[in-house]
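Across the two complexes that follow, chain A remains constant while its partner is chain B and subsequently chain C.
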Partner chain A sequence: MKRVIILISILAVTLLSSLVISFVAEITVPRSLRDLSKYYIANTIIDTASPESVAAIVWDYRGLDTVYETLVLYLAIVGGLAIFTIKGGFPRGEPMGLTELSRNATKIIVLLIATVSAAIAFHGHLTPGGGFPGGSALAVATMLIIPVYSVNILLEKGITSTKLVAIRGFALTGLGLVALLPVVKGLEIVTNQKFYPGFLNGVVISGSISLYNLLEFLAVASGFTAVALYLSIPEELYKGEVRD
Partner chain B sequence: MKFVIEEFTYVLIICVLIINALISIYGIVYRRSLTKKLLSLTVLSDTVFVAIILAGFIFTYPIVPPVYSDIRGADKDFLLNHASDPLPQALVLTGIVIGLAVNALIAFGIIQVYRLTGTIDARKAVKSLLEEGVE
Partner chain C sequence: MIITILILLAFSLLSLVFVYMAITERDLLKATAFSAGQSICYAVILQAMGAADIVMTYVAVSVGLYSALLIFVISKTERFEEVSSR
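The block that comes next holds the complex of A and B.
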């Protein structure tokens, strides 16, 4: 009862305060864009060869911010995996998993998720999306496989945490190289159109933006899959480690 | 003094965001459970993201994403008048990913605290860790 009263009073305060403010104060809602945003939208195709302004800002106009932000993501996941490190490698056991029905349904769903995540990542320079959302979507597929098929199936198929961390390292090195390569020609770091081609055989690739999206897709997907693998290690093992 | 539905909606969203932020700050500060603190933190960060997106929203009809449908830029004038602001969207995109990674790190930390102390109550966990340190 007490909770219901608190909830109703919060709702009442929110509604009443917004009613009073919108009646009394002179509120003007924004109806046009700021000049900076207009610049980004007007020049995105000329500057970056990408029809998607958000991807252009993320990987070109403010590309250096995003490179450092990827470093934060990398360090956070490395920190998490460091806490969870156990002696003697990743434990393996007998695969268990759920029933045949849920397994078959999961097969279809995982295929769909993989396709959609690839579409999100590889069309990131043309449509809303990009490496981050695509990679996170692909990691969801692994998180679905772990409860339905058990983590041991993944390990048997060769998807181990060592390999995932290696893929992640490879993708991040590639990302750093794509950002640094223009320096060889005396251009600024994270240069796009002056160094990378915008079109390849008539197909829009938006220079480095599609490369960044591809590498970020690999880095995010492998990073979060590694996190999911480590989170699925049986609790007894860790308790033994802590006691030691 | 006049009532316009657009202005009321705008103010209502701002009020909801403020109240949401206050409740999540209460959760972070007063809740004892570390998991509930983490949940409150995610609600707070999502509230901030919605606030940033709201800063880039414009009240025109129709409102479209800032994406050209033509690589030659034929719909430039339409987009300049009807597209939402791309800059806050880009900031929020990177913010979400950093938030996800940091939340994963905090979740790892909470699991580790549970393993070491057997509780996720913040005060009991600190007490237990201090006692172990004294021994």
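The block that comes next holds the complex of A and C.
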């Protein structure tokens, strides 16, 4: 009861203060675009061969920022994996899991998530989305498989942490190469249109943007899945290791 | 325009409810579910403001990854928070 009273009073104070602020400060919604937004809307397709301004800003206009950001994520996941590393390799056991009902429901959901994540990542240069959201969505699918089917089923299918870390390393090396290759021709690092083709057989690929999206998708999905695999190791094993 | 403002108002207040419930809840699994509810509210708010790109990342990270990671972490500790009396 005390919780409800506090909650109602918080809501009332929030509503009242927002009403007071909007009347006193006369906050208005901006009706016109700034010059910078106008530039991006008009010129993105010409500069980057991508109709999606956000993807173009992230991987082309401000490409170097995103490459560094990917590096930060790489180091963060390296840190996470280093903390959870266990002696004597990954523990394996008999595959156990939840009931048939939850398994079948999970099959459908995982298929849907995988399809949506691929669409988000591979269409990232045309529609909202991109490599990072697509990769995170795919990692959610594996995080769903682990509690429902148990981690051993993933290991049996050959999705091991070593392979995932290798895929991640390959994807990030590829990402670095895509960013660095224009330098060979004397262009700036992370150059897009002057080096990579915007169209392939009449299909819009937006130069390096689709390549970045694909590689980032692989790197993020495998990185987060590796973290999930290590998180699924029972705490008792770590405690046993500390005792030894 | 008025519908957008009403959606913003309703979901921001609802997110406040979820945040309060998540903070005061002693069952950590329920608190994680409330936190995911708050993230869904924010996703609706972002969509109402037309930031579709942010919604994609926000939903995947905040509703999916973050909640899943928290559940993994809770499985390593205890489900109920112990409140020490001071």
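Please note the rule applied: the second predicted complex is superposed on the first by the 238 of 244 C-alpha atoms of A that agree within 3 Å, B and C clash if a C-alpha of one lies under 4 Å from a C-alpha of the other, contacts with A are read in each partner's own complex, and residues count from 1 in each chain.
The rule we apply is simple: contacts are C-beta pairs under 8 Å (C-beta built on N, C-alpha and C of every residue); 3 or more make two chains touch, one makes a residue touch a chain.
Everything numeric here is computed off the predicted structure, so don't read it as measured data.
Colleague: Clash or fit: what happens to chain B and chain C when chain A is overlaid?
Modeller: fit
Colleague: In the superposed arrangement, which partner chain does A:136 touch: chain B (first), chain C (second), both, or neither?
Modeller: After superposing on A, A:136 lies in contact with both chain B and chain C.
Colleague: Quick check for you: in the superposed arrangement, does A:10 touch first (chain B), second (chain C), both or neither?
Modeller: both
Colleague: Looking at A:144, would you say it contacts chain B, chain C, both, or neither? Reply first, second, both or neither.
Modeller: Only chain C is touched by A:144; chain B is not.
Colleague: Between chain B and chain C, point out the one touching more chain A residues.
Modeller: Larger number of chain A residues touched: B.
Colleague: Please work out whether A:128 is in contact with chain B alone, chain C alone, both, or neither, and reply first, second, both or neither.
Modeller: Once the two structures are laid over each other on A, A:128 reaches both partners.
Colleague: Applying the touch criterion given at the start, work out whether A:214 contacts chain B, chain C, both or neither, answering first, second, both or neither.
Modeller: In the superposed model, A:214 contacts neither chain B nor chain C.
Colleague: Could you say whether A:204 touches chain B, chain C, both of them, or neither, answering first, second, both or neither?
Modeller: First partner only.
Colleague: Once the shared chain is lined up, is A:54 touching chain B (first), chain C (second), both, or neither of them?
Modeller: both
Colleague: With both complexes overlaid on chain A, does A:120 touch chain B (first), chain C (second), both or neither?
Modeller: A:120: touches chain C, not chain B.
Colleague: Between chain B and chain C, once the two complexes are placed on the common chain, what is the minimum CA to CA distance in Å?
Modeller: Closest C-alpha pair between chain B and chain C: 5 Å.
Colleague: Once the two structures are fitted together, what part of chain A is touched by chain B and by chain C alike?
Modeller: 10, 14-15, 29, 54, 128, 130, 132-133, 136, 224, 227, 231, 235
Colleague: In the complex of these two chains, what residues of chain A are touching chain B?
Modeller: 10, 13-15, 17-19, 21-25, 27-34, 36-38, 40-42, 44-46, 51-54, 56-58, 62, 65-66, 69, 72-73, 76-77, 79-80, 83-84, 126-128, 130, 132-133, 136, 204, 220, 224, 227, 231, 235, 238-239, 242
Colleague: With touch defined as at the start, can you tell me which chain B residues reach chain A in the complex?
Modeller: Against chain A, chain B makes touches at 1, 3-4, 6-8, 10-12, 14-16, 19, 23, 56-60, 65-73, 76, 79-81, 83, 85-87, 89-90, 93-94, 96-98, 100-102, 104-105, 107-109, 111-112, 115-116.
Colleague: Please give the residue numbers of chain C that touch chain A in the complex, ascending.
Modeller: 1, 13, 16-17, 20-21, 24, 52-53, 55-57, 59-61, 64-65, 68-69, 71-73, 76-77
Colleague: Please give the residue numbers of chain A that touch chain C in the complex, ascending.
Modeller: 3, 6-7, 10-11, 14-15, 29, 54-55, 117, 120, 128-130, 132-134, 136-137, 139-140, 143-144, 147, 224, 227-228, 231-232, 235
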